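As structure tokens, here come the structures.
Each of the next two complexes has subunit A plus one more chain, namely subunit B in the first and subunit C in the second.
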Partner chain A sequence: MKRFLPWIALLALASVPMWLRDPYLLNAFITTGIFIVAAMSLNLLLGYTGQLSLGHVAFFGIGAYTSALVSLGFDVELIGGFRVVHEPWPVWLGFFLAILVSGLCGYIVGKLSFRVRGAYFVIVTISFAEVVRLVALNWVELTQGPLALTSIPPITLGLPGLGYFDFFSKQSNFYLVLGVVALSYVIIGRLVNSRIGRAMVALKENESLAVSVGIDVTRYLVLAAVVSAGIAGAAGSLYAHYLKIIDPDVFLFLYTVTMVIMVITGGKGTLAGPIVGGLIFGFIPVVARSFASPELQWILYGWFMILIVFVLPQGIVPAIEKWFGVGEEARGPGGTEPKMQETH
Partner chain B sequence: MTEFFQHMINMLILGSTYALLGIGLTLIFGIMRIVNFAHGELYAFGAYFVYFVAVLLGFNFFLSLLIAILAGCILGALIEVVLLRPMRGADIDTTMLIMIGAMIVMQNTEQYVWGGVAKSVSTPFPETPLVIGAFSVSWLRLFVFFAALALIAAAYFLINRTKLGRAMRATFQDRDTAALMGVNIQAIYMATFSIGSSLAAAAGALLGPVYVVSPQMGNIASLKAFAIVILGGLGSIGGATIGGFILAFAEEMGAGYISSGYRDAMGFLLIIAVLLFKPTGLFARSERIG
Partner chain C sequence: MGADSKQAQPVLSIEHIAVHFGGLVAISDMNFVVNQGEVVGLIGPNGAGKTTAFNVITGFLRPTEGEVRYRGSSLKNLKPHEVTSLGLARTFQRTSVFQSISVFENVMIGLHRRGRSRLWDTLLALPRERQSESELKARAGEILALVGIERRSRELAGSLPYGDQRLLGVALALAADPSMLLLDEPVSGMNATETTRFMNLLDQLRRLGITILLVEHDMPTVMGVSDRIVVLNYGRIIAEGPPAAIQGNPEVIRAYLGQGARKRARD
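So, the complex of A and B:
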């Protein structure tokens, strides 16, 4: 039964655009899906390696800006009168470059910041995100600053023999996002259940012991950071091409907090956790908007976050697993579902 | 050259309030091992409280400052008892998440109660600045500088010369041994958090009238306080004081000679640089990182 759960969930979600006609709710599904991808990528760092990166929104935003700029083109003058002119490229190329550039940033940030741990790591990552936000705000020639990048084209796929297909409608975007969620789920699932994943969990549980048995801690942490940043970049790219407009607010700390709440609520270190947490927090605003202003919603979020840490520190998914008797012994490394183990 | 000296004067005034902010955070961080994301919100709380008492209730400006500092002290104690005491012994990430939750609640409560429009606080100081030769400084800023210095001195006295301060230092060095020697750890934690909070509120109360009071002011203040603490080294009060002035210096130089848009980036670049090249901070004794 448990083995089929992801497939049932996927099918159930795939049927949504067939019966849901309300564009507002469909929009909520799409943006929630995008944030679920981002939360899943954060979970790889937070849940499996135990590193709380509070600058994760930087990779999301870098992905969004990279993808938008590649497909819109730009013309900037660098220091020393050196001019860089870029003609617009196909959007799908932007999507892949977003993953690449974000992953590269993840590599650099990981290499530099994994020299420190705990509170220091958290603060370095936040600082990085804030610096990137200030650059996006002030480098007006490239990013238009607070005026935002507008008219970002939708993602277009050229299929041989079938012509072009662009993801313009909400329905098509829904399936695109669902596809990326499923793909991320598989990639992260494969990774954490491999030798690499076991090394990550080992260093989360006891770093000095992991070092003593010969695990190259920094290498695995940087690897996790690269994959995590790349997936976050993909989410950012989807976000930019779906909304068709992005401004430096995409780097706000509150977005990182949203991702963290999703992961913690769902259950860090579980594959399904970010999806469950993401769906809950994606749809709270839909329910709450009828009676609460945005500030009041955020106040509720804050209290909810405190409450979750107090009463359900492991999150919802592990609590449910425990409830249904899927005990510790049946869970794979890092608390993932056993079904991923059986497929190997 | 006059421009440079004008920047230096601004640096001293800004630095003195940053030092207050940093001392408060370094106490909480050093003694309680709590990454206090709500620190900046206590700063904003202090500023709003002065606005509330001085402008809306019409109290004397100086009395309002005192009331705001006291209110910060009480709010800090309340946060400690309600949110942190039940979580004693939890790891650093868990309390960090709780403080992020508290930060979100406080910031949005400010936005909800006071609205998004920035408020300004009028003061009894004359509008015309004090002019000495080619330099000018407003009376309000001069007052802020000396008030902040007085508060820093008070914090030093409290930590180094009183019984409470000695117990706090003992707890910082070794919590368990301090407890064995009869130090009431619960009381020390509450005192630490409420002193740290009142220093943040004092910084906000002093800077609020200089700039404007807005719900977003706490956001950046938290991060700046972290920058100061990291610069100075964890738990080092002297380090936090100097760190405050260094950050103010970097910001003034960055805003004055690079671009005013990157003023706030200076602090973050400093954090990144310090953590990469000298992760123990500039002035700390050897300290384990992470």
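So, the complex of A and C:
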């Protein structure tokens, strides 16, 4: 049963555009999905290596800007009169470059800050996000600053023999985002259920013990940061090409907080946690909007968050797993418990 | 035994190690060797520098002076995980297991260095990934059986009785496939049954050819298992030799029981 659950969930979600015609709700699904991808990437760091990145939105925003600029083209003058002119490239290339550039930033932040842990890491990541936001705001020649980058083209895919396909409609964007969610789920799932994931969990649990069994701390923390930043960059790219406009507000601290809320309430350190938490907190504003005034909407949002954290401090997914008695099998790194040791 | 160990090859040598914390001298000019296949006990009163010595040997602490050599190569400037890679594994005094993970997964973590799968194998779920994982699982089962806690493999490490947690700590160190083990007070806090069980395990490890350096408070234990004993006090080595000689050594008696006791013993 447990094995088929992700497939059932995927099929159920894939059916949504077939019966849901309301563009407002479909839009909510798409933006929620994009934030779920970002939350999943945050979960890799926070839930598995135990490092809280409060500047995670930086990777998201860098992905958004990279992807937008690559596909829009730019013309900037650097120090010394040196000009860089970039002609627009295909959008799918922008998507991959977004992952690459964000991943690279993850590498740099990881290398810089994994000498420090805990509170210091949090501060380094917040500062990084703030610096990047200020660059986006003030480097007007490149980013248009507060005027925003506009008319960002939708993602297009050229399939040989089938012609071009562009993700312009809400339906197609829904499937694109769902595809990226599924792919991120698989990538993160394979990582954390392997020797690499065990190393990450070991570092979270007891660093000196992890080191003493021969695990190279820095290596696995940086690896987690790179993969996490890369996936966040992919989410940012989706965001830019779906909304078709981005401004320095994509670096708002509020977005990081939203991701953290999704991860914590859903259950950090579980694969499904950010998805469950993301769906709940992506849709609370949507549902609340239908009957509550704007002030009340946020009160409900906060109230729900506090309720979940109080009643289920471990998060929703671990609580459900415990309820059905599948906790240990599903949660520990390495996934299913092997039968091997029974024979000894 | 004494003649044997002289002929034997030294695997670990501590050469002129000194550790200063600011003005405090934790260890001064420490020299000793551990030979292949030997069980050496490192004893001394509280604060004598035993754990500090352990931390220096395993790379958790940089010595102020001197160096440690293991099988001919210097451990100078090596990080702890690199020291482990050379085959020198340790256990810790207190938190020696990953508490919130199952016993089996603990050992799987310990087997980290034996895994052969690369990042791409993992991401693309290539055959090598599965093969490596099943090898590790088989090995984890063997190690748990060796230390005798295989029946508890599904339980959370933190929920094990104290003695079993210590055994799991040893299993973790063994998983790194060491040629030498450093055990930091392995039987402290254990009851008599657990201690006996642990002694049997030590015997088994010795028969497997693993060299052991053991820090211990519990005198009967050390005397019982060690081939040779090194006694530390105030960061200096005050005596070294087979257990029988150590027991009668006046310096050692004074260090453990105080000046007065020695006088009374003489009177």
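Assume the second predicted complex is superposed on the first by the 306 of 344 C-alpha atoms of A that agree within 3 Å, B and C clash if a C-alpha of one lies under 4 Å from a C-alpha of the other, contacts with A are read in each partner's own complex, and residues count from 1 in each chain.
Throughout what follows, a contact is a pair of C-beta atoms (placed from the backbone, for glycine too) under 8 Å apart; a residue touches a chain by one contact, two chains touch by 3 or more.
On a predicted model such as this, the values are computed, not experimentally measured, just so you know.
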Which of subunit B and subunit C A:183 touches, first, second, both or neither: neither
First (subunit B), second (subunit C), both or neither touched by A:11: neither
Subunit B versus subunit C as contact partner of A:260, first or second or both or neither: first
Which of subunit B and subunit C A:202 touches, first, second, both or neither: second
Contacts of A:306 with subunit B and subunit C, given as first, second, both or neither: first
Common interface positions of subunit A, toward subunit B and toward subunit C: none
Subunit A-facing residues of subunit C, complex: 58, 60, 79-81, 84-85, 89-90, 92, 95-102, 104-105, 108-110, 112-113, 115, 117, 119, 122-123, 125, 129, 132-134, 136-138, 140-142, 144-145, 150, 153-154, 156, 172-173, 175-176
Subunit C contact footprint on subunit A (complex, rising order): 187, 190-191, 194-196, 198-199, 201-202, 205-206, 208-217, 223, 328, 332-334, 337-338, 340-341, 343-344
Subunit B-touching residues of subunit A, taken from the complex the two chains share: 52, 112-113, 115-124, 126-128, 130-131, 134-135, 137-138, 253-254, 257, 260, 264, 293, 295-296, 298-299, 301-306, 309-310, 313
Touch list for subunit B against partner subunit A, complex: 29, 35, 83, 86-87, 92-94, 96-98, 100-109, 111-112, 219, 223, 226-227, 230, 259, 261-262, 264-265, 267-269, 271-272, 275-276, 279, 289-290
